[in-house]
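A, B, C and D are the chain letters, set down in written order, and residue numbers restart from 1 in every chain.
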Amino acid sequence: MCADAALKGSQLPSAARPRRIAVCGLGRASESDSALAFEVGRLVADRGGIVVCGGLGGVMEAACRGARERGGLTVGLLPTNDSTTANPHVLIPIPTGLGEVRNFLIVYAAEVMIAIGGELGTLSEMAVALKNGRRVVTLGSWTLSERPDLKPRPILARTPLEAVELAFSDVA
Amino acid sequence: MCADAALKGSQLPSAARPRRIAVCGLGRASESDSALAFEVGRLVADRGGIVVCGGLGGVMEAACRGARERGGLTVGLLPTNDSTTANPHVLIPIPTGLGEVRNFLIVYAAEVMIAIGGELGTLSEMAVALKNGRRVVTLGSWTLSERPDLKPRPILARTPLEAVELAFSDVA
Amino acid sequence: MCADAALKGSQLPSAARPRRIAVCGLGRASESDSALAFEVGRLVADRGGIVVCGGLGGVMEAACRGARERGGLTVGLLPTNDSTTANPHVLIPIPTGLGEVRNFLIVYAAEVMIAIGGELGTLSEMAVALKNGRRVVTLGSWTLSERPDLKPRPILARTPLEAVELAFSDVA
Amino acid sequence: MCADAALKGSQLPSAARPRRIAVCGLGRASESDSALAFEVGRLVADRGGIVVCGGLGGVMEAACRGARERGGLTVGLLPTNDSTTANPHVLIPIPTGLGEVRNFLIVYAAEVMIAIGGELGTLSEMAVALKNGRRVVTLGSWTLSERPDLKPRPILARTPLEAVELAFSDVA
């Protein structure tokens, strides 16, 4: 990451900024979802991307841990106004004081959202992300199959590698 | 910055994270305020700190430019939900979609606020920062002299160097 | 409404407050959805309830129009910081300046959400409402059939009358 | 209030809506500030206005109590996402879940802010209100004397009656 030209250069047109990937899922995640998130975090960092998340445990912590292991940047948008509530793998905590309303900010902050499992909170984030033109990749999360004609819609990935490749590809 | 252990390490107890300094002031700043902000940005980056700001022009842009020149990290909490509205020296744009309500988030996100000049927006940020236990350093900004008994209160600095030293000192 | 004891009494334990019903759906609604919303608004006001909505057009305006026709109170939580953007049937505009983030506030503000048609914005509101223990009644809106085991889940209504009766019933 | 045409009419151009007055001050107010707030609340309701506040104790509760005693409407924008935290004189609780960030919303929601005593929270609200073109009346609160050239600035009132007359006058 440190070798990345983007981190050294002065002027940063949008396209030159590191890509920001939101990784969303439960704060109390299953072991298998945490393992997926960890791998997603590593692969995002390997590509020079920034992991953006809610900064707490479960899927959020696993993604940050993976990214930090590879020297990546991790941003945690916290529900509290207290940076010490961030998991220990968040490099840049952003305490918002907004409670779960901060969920909106997580998906706004990123160019792509990768949803891993998740329940109603993840569903609300997915809906907001799609509504705002963010690409959404689903790894065992909601598919919105109830509305087959809805566009845009979540893209299904079967593995962390596929999810991250979809997140970094230039064509959805 | 890249040599900083904090950026390589995996576990990040709060004390080991790079210090986050909010630099606040007008989006249409005077030349002298912009020069102060530029110097503050450089000095924050030299100490391994992260510049947090509103991501737009004026004082915000000058602080980011200074920090980036020294390889520092810069975070811009934008009023819009569109990362392309960030100034070109913001490395990590955080579009919030919250309008000026994002002013709260700027001071929450940082451990110290340096106010450079500024009008009513800066005053509201200063009040929120003090109320939430953030250290506030004023460089030609509000002093709250109207309430001499108020505690905590802004600390007056005469130069960018003094402001940044106050921002990084362990005792206020 | 004016005869309602709640509006005259001084002390207002929660149970004595007028029930707040969020009516959610598209700002550019179909004629049939608008007709449903109008009828919902009338029936809510007839029962002494308050219509809470996003304050703009379509489903929101139709629900407010129906409620006002029967002398009910209508609250519009606006995305802008400008009360003149409210539709003319909003009695109490609440400009939030939060953009679509105000969608969260609409469902927080109410005890029950009635969803009429709607797309991704309505889906995000429904997910937030369910996550926060609000009763959700769906009138031709999302059913979350994709997760048949999810609890709590939206309750299906076939008519405005059924929707409003579900909204005011004491047992879900 | 119930006799007010605005509450019966169907179409509500902005000018015909009841005037919304934010009453701001400490949640743990002195007896004298609470007495001022109670009187302000009564006078606002007598003129057909709506009291908007943070919904909690102290100045907020006293203002609501005064308004309700005269049959006025009271809106409480709560920091929590739980309407039961509202004081018993709030007719319409709006739980926001935004913590103190909801302070912005209180001043956005009203056309005039009356500040009664108060500390840093009230100062931030006053700054935001002035910045957004709301009229600010100060009853023993901040005067911003530090910047004598600032415009617009708070208008000083000596009594609740003077404050409310300033709030309802058409020329500041």
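Simple rule for what comes next: contacts are C-beta pairs under 8 Å (C-beta built on N, C-alpha and C of every residue); 3 or more make two chains touch, one makes a residue touch a chain.
All values reported here derive from a predicted model rather than from experimental measurement.
The rotation relating chain B to chain C, fitted on Cα atoms, amounts to 180°, rounded to the nearest 5.
Taking each chain's centre as the mean of its CA atoms, A is the chain most distant from chain D. Distance between chain A and chain D, defined via averaged C-alpha coordinates, is recorded as 40 Å. Chain C and chain D have Cα centroids lying 25 Å from one another.
Averaged C-alpha coordinates put the centre of chain B at 31 Å from the centre of chain D. Annotation for chain A: residues touching 2 or more other chains are 81, 97-98, 100-101, 104. The touching residues of chain B, when paired with chain C in their complex, are 81, 97-101.
Across the interface of their complex, chain A is touched by residues 2, 6-14, 17-18, 20, 50, 65, 68-69, 71, 73, 75, 77, 81, 83-84, 86, 88-98, 104-105, 108-109, 111, 132 of chain B. In the complex of the two chains, the chain A residues touching chain C come out as 100-101, 104, 119-121, 123-125, 127-128, 130-131, 142-147, 150.
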